């Protein structure tokens, strides 16, 4: 039993991990075919893992309702909203659960698509747009050039914010009177700022991002190796060893 | 005094931003959008794909974003579809994110009638597949195993757009519209490296700076970054849309934010110097 | 006091929402006879309910948030169900006579493995789920290693393994400078000793300006190499950050800060775009203000 | 005439790698009986065929000499037959300006010449709308025809034959394999070394000092310290790292006897946090200060979590806020609110998109890999320690290659560049 519980999963991880790595170097058809099938199995298994995520969310809200925790009414709301969506899904415009999804129009009642377009999408987008307000507030109150490093960061950010959109050119058009618009100034606010922006992205930004990427990749390789060789087992979870 | 100005209730700042955005959206003023080279590269490659004559040119658009980045990425999707359809390029759409299919459907349904394109013959929507990396690898090895059917259960080998496709590499161009790291962790790493696809990207501005190393190596052959990139693409296909309409508000809001950063920092330094003197 | 103010605000907001919606309906902008019209009203209501959080956390926000969580669960389930379970599993099994044996067997194995993973839920039997987890995670880890080496290490190093400058004269110039600097550094007292600060600053400025001049003038390979190397050195943990290593890692910090500045500016841009999108919805689809 | 397709002796034997790129060992006989000449056009004088290297089989590569001069719009057409004397079918076309051996170092090595064309044939057209795939282990015969201006056909009776076979190793990927094996060895050796001696040297990340200061200040002020976890679950490296830091923090706080509140989004992380804080209090000799309710499960949803933590920071005005783990868009909400509540804030994350916000708002930021190093430094766990050391060695290799390769390339020696090219 202990073998099945502890050793067998580690053997599986080792065998499949080694094959997954080795396969990259073996072009022969048997290797390609085996790889294809293993990939297919992982794809389907991942799908079932999604159900696990759903289950944990459900059990959490059920627990809240059962314990009558503060705000448990909201958990009921979660189930009500889920129930309506699920009902629309199960109805599937008359096709029910086991047939493929029926095409639906936007202007059609009782479809998952309606729930998506008019409930899910606006809520999701609005949640993210809240951040614009928080950024504005932080810009005023907390983005401070406390250290030389933070100063470099802020200066680069300001250059990019003004250079990536035609903000300066727009201000120039509005506020600079005609007689001040020398060729030099015009090209400075239009072309030069844009070139500086592109250069910042293409040279220092690229260099640092590449440095980070190389470092992170080494870390990813090390983690993968730990998994394959059974040194890292945290992903297997606990529970009755 | 300065401290009090710096410590105002954040709700006032929220109100200011709200007013700036609404005002700038309502002020309709034409704005010049200069084209940056990564955007031009996507456009040029699409033009090259359209020139292919030994088989019907077909591209794959992977919709890997959700409503949270609808405002940024959806205009790219519309512009790319308009470009492809206007040049007679066939399009297959798929999703790695489960939150994307509604947006993808909406994009196809908006653009296809404009060009009188028919489902199946000119475009196909393959729907969502879970599994991330495994989906890309599955498509690379055997397309029909990854997508035996489209989103509505029609077999992909019976639809004209996908009948010719047996592997990921059979697509002439793959464009991923990404709001997360699917573009580098999935498409660049697994799709481009293993199956040598031509890969272009449209990403949210958050992701854009991280993509530049891949642009230089050619692992990505072009990139549409954020709303500004979308506006550039709209200009290239000469069909201004939502992105172009948003650029004015975008610019004004940037100016407002930059001014508050500058003001906040100046005030901060003044108050810090004063504190030191005292 | 704030309690009654809040109630007041709540009533005003509700009244305003009703009035504006009636306006939208009255102008024919929102067709009430269709699913679309009602949907737009609902979406506008939810949007504003979430925005109410900007004032303070309140029941309206909580209401919208929990509706959102519930719908998003149902929506995700429907996507997984129709696109994967129905298309990949149910349909081939239903048409089993037309499907070849091997894909059928493969589907069968996959589903069994998938079902095993659900044992995670059980307290006492959760060990059953370890095998499929080990399968997926172990296989993924293995597949990842050569991919990361090829796509992220080799590919990313290649552009840096190119000539630094197109022109050989520059190459000679740089090497002379580098050799000079190294020869100078060999006399460590010049580099380490505080009494030679002026000389050190002069060397630093000279080197930095040559690098910057070449880097901005189109010879970006040099600057990119400096950036990559110094960032790697910054994230090097086996040596103390003092002396030369400290100086290099300082340069690495500067590069990192410019890159983070880029990300910062671009992230702000992204959030602003989303806000613009929401405002376009409110002003254009809910209210008949934007065309 | 017999054409031997032998690869030139690798010049880079010193490194011992490049010969593997010059893989194909097949020597194919080609017969040239007739050589036709068109005005101003030198028809290829040789034709050779071989199994396409580094592939899954079902493909044969045909090679012939490039015509020194050729009129535009001229195409080579490769003909395929299963019998030596036909019937011949079209196997593929190549323009006279088409690719040459040196365009494909993955198949022909870095020293391949640019005087010969090649074409990979994997199928041939039996008639206008059906084609037949090349099969493995079967002899095919090839002919070459030159078609000028689509109608002038110059048939050259060159022929060659070969069998296709599936290859067991992709020699073009040898560099990646060697790197992979090297990293494997380094990592395993270093983890082994860390098991023997957990006190291997890694430098103390500066953020850890700031951490001590923050906790000290919280004690002076007699206010709470908040520890806010990121969004990822227990299997993520950042969560594991931040748990190690939490363990240290909880010990410190227990010694000082102040309040520590831990915010969680993930139920499993929540459970582990409780255990960690409890153990920390016991190790500090103050099991009495542990309060289970101070390790709070806030909400599982991203924005609900953000709203909940935001509310608590505003109400309780903690003296210090520690943001540790993998954060997403909500990072800004925490940091902004905490800064405004007057808390001293230390952030640690490997989420690079969120780092800029932490750097500009927080008092100290532990960036990227520093988080893992800090956690290895504190926990001394061999697998973390060994990985950090292994990665450091990996970085040394990368740095050495980058610097020396660039210097060599600048002076015209591109051997390192070739060895490290991903073909």
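The first chain written gets the first letter, and so on, giving A, B, C and D; residue counts start at 1 in each chain.
Here, a residue touches a chain if its C-beta (ideal position, glycine included) is under 8 Å from a C-beta of that chain, and two chains touch if they have at least 3 such contacts.
Given the structure is predicted, the values throughout are model-derived calculations rather than measurements.
Undergrad: Specify the chain most distant from chain A by Cα centroid.
TA: Following the centroid criterion, the farthest chain would be D.
Undergrad: Per the contact rule at the top, check every chain pair and give me the one with the most C-beta pairs in contact.
TA: A-C
Undergrad: Report the inter-chain centroid distance for chain A and chain C in whole angstrom, where each centroid is the mean of the CA atoms.
TA: 6
Undergrad: Using the average of all C-alpha atoms in each chain as its centre, how far is it in Å between chain A and chain B?
TA: Comparing mean C-alpha positions, chain B is 14 Å from chain A.
Undergrad: What whole-number Å value describes the gap between the mean CA coordinates of chain C and chain D?
TA: Measuring from centre to centre gives 18 Å for this pair.
Undergrad: Using Cα averages as centroids, what's the distance between chain B and chain D in whole Å?
TA: Averaging C-alpha atoms per chain gives centres 23 Å apart.
Undergrad: Which residues does chain A have that touch at least 2 chains other than itself?
TA: Counting only residues that touch two or more other chains, chain A contributes 21, 24-25, 32, 40, 42-44, 46-47, 50, 57, 99-101, 106, 116-117, 120-122, 124-125, 127-128, 130-133, 135, 137, 139, 141-144, 149-150, 153-154, 157-158, 161, 164-165, 201-202, 205-206, 209-210, 212-215, 218, 221, 223, 225, 235, 237.
Undergrad: Do you know which chain D residues sit against two or more other chains?
TA: 173, 176-177, 180, 183, 303, 329, 340, 352-353, 356-357, 359-360, 368-369, 395, 398, 422
Undergrad: So which stretches of chain C touch two or more other chains?
TA: 53-54, 65, 69, 72, 75-76, 80, 82-84, 86-88, 91, 140, 143-153, 155-158, 160, 225, 228-229, 232, 235, 256-257, 259-264, 266-269, 272, 274-275, 277-278
Undergrad: Hey, which residues of chain C end up touching chain D in the complex?
TA: Of all residues in chain C, those touching chain D are 53, 57, 61, 65, 69, 145-146, 149-151, 153-155, 157-158, 160-165, 171, 174, 221, 225, 228-229, 232-233, 235-241, 256-257, 260-261, 263-264, 267.
Undergrad: State the interface residues of chain D toward chain A in the complex, per the touch definition above.
TA: Per the stated touch rule, the residues are 54-57, 166-170, 173, 176-177, 180, 183-184, 187-188, 191, 234-235, 237, 240, 267-268, 300, 302-303, 329, 332-333, 335-336, 339-340, 350, 352, 356-357, 359-361, 363, 368-369, 372, 383, 387, 390-391, 394-395, 398.
Undergrad: Name, in rising order, each residue of chain D that touches chain C in their complex.
TA: 173, 175-177, 179-180, 183, 201-203, 205, 301, 303-304, 307, 310-311, 352-353, 355-357, 359-360, 367-370, 373, 388-389, 392, 395, 398-399, 401-403, 405-406, 409-412, 414, 416-417, 420-422
Undergrad: For chain D, which residues count as touching chain B in their complex?
TA: 329, 340, 352-353, 422
Undergrad: Touching residues of chain C toward chain B in the complex: what are they?
TA: Chain C reaches chain B through residues 54-55, 72, 75-76, 79-80, 82-84, 86-88, 91-92, 103, 140, 143-144, 147-148, 150-152, 155-156, 158-159, 259, 262-263, 266-270, 272-280, 283, 289-290.
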